[in-house]
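Both of the next two complexes hold chain A, though its partner changes from chain B to chain C.
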Partner chain A sequence: MITEALQQVLNGLAIGSVYTLIAVGLTIVFGILGIAHFAHGSAAMSGGYLTFILTERLGLGFFPAMAVALIAGAALGVVLERLAYRPVRDAPQINAFIIALGLTMILEGGNLLLFGPDQVVIPTPYQHVYTVGGLVVAELRIQVMLTASLAVAAMATFVSRTRAGRSIRAVAQNRQAAVLMGVNADAVATMVFALSSALGVIGGALVGALLAIAPGVGEGLVVKGFAVLILGGLGSIPGAIVGGLVLGVSEALAAGFISSAYKDVIAFLVMIGVLLVRPEGLLGKR
Partner chain B sequence: MTRIDEGLVARCTAVLAGLALCATAHAAQKELVIGVSDALTGPGAVYGLPQSNAVRMAVDDTNAKGGIKVGQDVYKLRLVAYDDKANPTEATNSVRKLIDRDGAQYLLGFCCSGPTSAVASFIGRENVTMLVGNAAERTITAQGIPNLFRTRPPADFTGSAAGAFVAKRGVKTIAVIGSLDVSFYSQYLEAFEREFTRTGGKILAKETFGLKDRDMTPQLTKVRALNPEALLVLGYVEPCAFVYRQAVELGMKMPRYGFTSGSEEQFLKVATSEQMEGVWDLRPTELTVSALGEKANAYVAEYTKRFGTPPSPSSPYAYDQFYVLKHAIEKAGSVDPKKVQDSIRSGGIPPEAIMRYLPVGSAMFDENGQAYTTNGAFQWQKGKWVYVSDLPSDPVAYSKYLRSLRK
Partner chain C sequence: MLTVRELRAGYGNVDVLHGISFDVRPAECVALVGANGAGKSTALRCVCGLVRARAGSIEFEGARIDHVPGHRIVRRGITMCPEGRQVFADMSVLENLRMGGHMRRDRDQRRDLEALFDMFPALRPRARQRAGTLSGGEQEMLAIARALMSRPKLCIFDEPSLGLAPKIVDEVERTLARIKANGTTVLLVEQNASMALRLADRAYVLEAGNIVLEGSGQELQTHPEVSKAYLGY
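Entry: the complex of A and B
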């Protein structure tokens, strides 16, 4: 029983680390710029598809392909911010909300047009299975967890240790004061979208390797991402990390011990339960 | 006496004869609308799109040969296909559009049970003929709807044969993972369990997954802890492929049996050939050249040439539907749906049919409007489904059972 529970936790951590990546991307955009970037999941899927094309058709290794897709994803983030969100930055919030919904449809349609309706799995060479103390873990799942951890750690280091990161934190704390202190808020917005999309692309590539990419997967991921955002605390990066893992593990335990049919329901019940006790989320500020 | 120019008379006669011939030919050339409602996108498209393509191929071939001859008339066929997305509401809308707007009196396709059941609930009141393909839910033909016929046998017809097969292979305990909230999979399991437990077999667990689920490790982890001798996987191709793949990723080495009817190409989109090695598919004897012979070979070649991808194993159900209809119309000498239905009911197996049907008496369809194919055991060996053996099946006994369910 304990082994089975631990195995379910391990299973949940793999998918939870993908939720974390998506949620961290969403939380930096929402926390710093106040935009509910619904198209994030679709942008992540575009990166996943690109990784698939680079590995399957051009023969690149999984990580080199992901690195190329990550750069393309960051560029896509910059384009989205400049062309779609910046023009409505000072308009009522509903405008950015509608634009986000429109972008989701555009990106989903673009993915369908460019990559077709078929489900694809990104091939990787990680086929080993390890057994430790009755627990079984596939090499691919270890790679997913490690990659997600490294990506989030790199992003956190960038935000906390670099001059550019300091600008981001300044805008997040008080945009007007930051601008008065000479911070280029436009550049920060561009940088945030590039970072967010790059993280999303890593998430998309990992989902593509771990499970599969298909039309509609991005939309499902972004819903989970927003759930994690609320669970962890709006705008909190540590909250997004913890929230993503909690959601992944809750789903695995629910599917394993109750029923897969109710795993989403149970995961969202956990979220509601947490919010009843801590309305600001697990690590949100009171 | 007026002199008649014989040359002029001959020319006029020729012109008049030509005009008469044109008029006759014009009157005889008619159009017959063939409607298709099927899942062309979404999770059901792995079955629906190949079915729709198969009907298109048969329609094109028939038109290329001049159409369907009915008495003095020749009917050219016009195919109208709508996407029902494997959704009951969409299917109802598609069929209403086909009947009310496009004037279709013959409806083909229908790969998925949910939408097919929704259409079946009202089709008996319409002056149309409906031919169901891959949708395997039992109740579709258990109601005795007079204008509905199905080429695929119900899931439980196959399930009982599969249960006996697995028991005969010496398996004593098995765990089930499947779309068990979908009725035709639960009906397959019900029949499987009846046969499997008859000889002392035991089902240790019944775990469910959703149609769009991709992470099956929670269910597999739970099942692994019970240490079953074998795994039974029931569902659409993609989720089942994830189960097979993730079972290997979790180090589960027991024999894996399934009921999916997916092609090699469909499975290889999710799992590698190594991950699939040894998997059994216990299903109607569908499209495998080794099981169905040269006619299937020609079908696969033609389909692949036209659509750039091989057909799914279940797609010939729809191809066969079309030829059932064509021969029934020709035999009836009419396109009146009621006369065509009588003709289908008494008709034999069309010579173009790809699947291997088991006739009930002398007819292809029984009194429930149900046709039966042989069932077979297929195993994945080195990248291919290999037909291993037939699964003993009794269509006459099943037909009686199906009739007994009618209220």
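Entry: the complex of A and C
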């Protein structure tokens, strides 16, 4: 029983770390720019497909392929911000919301055209399975957790320790004062989208390796990402980390002990329960 | 140094400034005084590129700056200490000061930080503290120090005494006098007209988006209309 629970927690942490990656990308865009970027999941999936093509067709290793996809993802983020979101920046928020929904359809359609309707799994060499004290530990899950942790840590370090990161925080806290200090708020918006999409692409590639990529997976993932965002506290990076892991673990426990058909229901029940007690989210500000 | 001519600006369909002209000469302290809504802050925001001029011109050191975007103004040597302090609440005091020097690439920043901590000794023990936890007076000092970190040629102050206790207002006044004495050119907007006119070499009185009076600080302090309308005696 205990072993079984630990096993599910472990499995949950792996998928939870992917939710965290997606949610961190969403939370920086929402917290700094105030945009609910619904197309994030579909952008992440484009990166997942690209990683698949690079490994399967061009024979690149998993991590080199992901690195290429990450750069492409950052470039996609720049394009999305410049062409789609910047024109409506000073318009009422509903406009950016509609843009986000439209972008989701465009990206999903683009993915379908470019990569086809088939479900794909990104091949990785990490097929080893370890057994530690009755626990089954798949090498791939370890790789997924390590990669996600590294990506989030790199992003957090960039934001908290570098000059560019400080200018991002300045815009998030007080846009007008940041401009007075000489910060180019437009460049910050572009940088935030590049960062967010790069993280999303890593998330997409990890989903593709851990589970599978298919049309519609991105939309499901973005809904989970927003659930995590609300669970952890809007705009909070630590909240997105904790929220993602909580969602992943509660899903896995639900699948293991109740029914895998109900795992989403139970995960969202946990979320509703948390919000009843803490409406601002786990780590949000009151 | 700063030459503003026939400046018109506003928000939406409403014009706030109806063609005002004023000058700031090197090493001078110039004040804009007037009632709430007269357009003082809008004039400053135009100079800093936060609001676009609809007509007229703004020249700084001989070059037009009315179409320069806000984030490039500070590189020309103009910094504003904004109304309501606007410190970065979740950053430490030290990080706020570093933000003030955001555009600087030189190696003297550490020395300037030291000098500013000497000038505002209350900030030094709080260097690692979140700016949002400082008192209003301390935040004002931080906002002033942050503005000075960019080594401005022209330092603009928008309502620096607003919402502060009288004792702190005196401290702000002494601080501005020191900044002026150090040779920095100052453009000041204040509702506290008596303080502004004491500090100012010259002042302009704004009423409903027009400049109605101009003179030296002393002249305006004793001007019957000004003292009746803004000084309360």
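In this section, the second predicted complex is superposed on the first by the 286 of 286 C-alpha atoms of A that agree within 3 Å, B and C clash if a C-alpha of one lies under 4 Å from a C-alpha of the other, contacts with A are read in each partner's own complex, and residues count from 1 in each chain.
Rule of thumb we're sticking to: a residue touches a chain if its C-beta (ideal position, glycine included) is under 8 Å from a C-beta of that chain, and two chains touch if they have at least 3 such contacts.
These numbers come from a predicted model, not from an experiment.
*Asks:* For the three-chain model obtained by superposing on chain A, do chain B and chain C clash or fit?
*Replies:* fit
*Asks:* Which touches a greater number of chain A residues, chain B or chain C?
*Replies:* Partner touching more chain A residues in the overlay: B.
*Asks:* Answer with first, second, both or neither: which of chain B and chain C does A:T55 touch in the superposed model?
*Replies:* After superposing on A, A:T55 lies clear of both chain B and chain C.
*Asks:* Which holds for A:I15: it touches chain B only (first), chain C only (second), both, or neither?
*Replies:* After superposing on A, A:I15 lies in contact with chain B but is clear of chain C.
*Asks:* In the combined three-chain superposition, what is the angle centred on chain A between chain B and chain C, taking C-alpha centres, to the nearest 10 degrees?
*Replies:* 150
*Asks:* Figure out whether A:T147 sits in contact with chain B (first) or chain C (second), or with both, or with neither.
*Replies:* Once the two structures are laid over each other on A, A:T147 reaches no partner at all.
*Asks:* Which partner does A:A252 reach: the first (chain B), the second (chain C), both, or neither?
*Replies:* Once the two structures are laid over each other on A, A:A252 reaches chain B alone.
*Asks:* Have a look at where A:G182 lands relative to chain B and chain C in the superposition and call it first, second, both or neither.
*Replies:* After superposition on chain A, A:G182 lies in contact with chain C alone.
*Asks:* After the superposition, what is the least C-alpha distance between chain B and chain C in whole angstrom?
*Replies:* Superposed on chain A, the two chains' closest C-alpha atoms are separated by 40 Å.
*Asks:* Hey, which residues of chain A end up touching chain B in the complex?
*Replies:* Answer in residue numbers: 3-4, 7-8, 11-12, 14-15, 117-121, 129, 131, 136, 138, 140-141, 210-212, 216, 220, 251-257, 259-261, 263.
*Asks:* If we count contacts the way the header does, which residues on chain B are in touch with chain A in the complex?
*Replies:* 41, 45, 181, 207-210, 212-215, 217-219, 221-222, 224-225, 238, 242, 248-251, 269-270
*Asks:* Contact residues on chain A for chain C in the complex?
*Replies:* Residues of chain A touching chain C: 163, 166-167, 169-170, 173-174, 176-185.
*Asks:* Under the stated contact criterion, what part of chain C meets chain A in this complex?
*Replies:* So the residues of chain C touching chain A come out as 48-50, 69-75, 79-80, 82, 86-91, 95, 98-100, 102-103, 146, 150.
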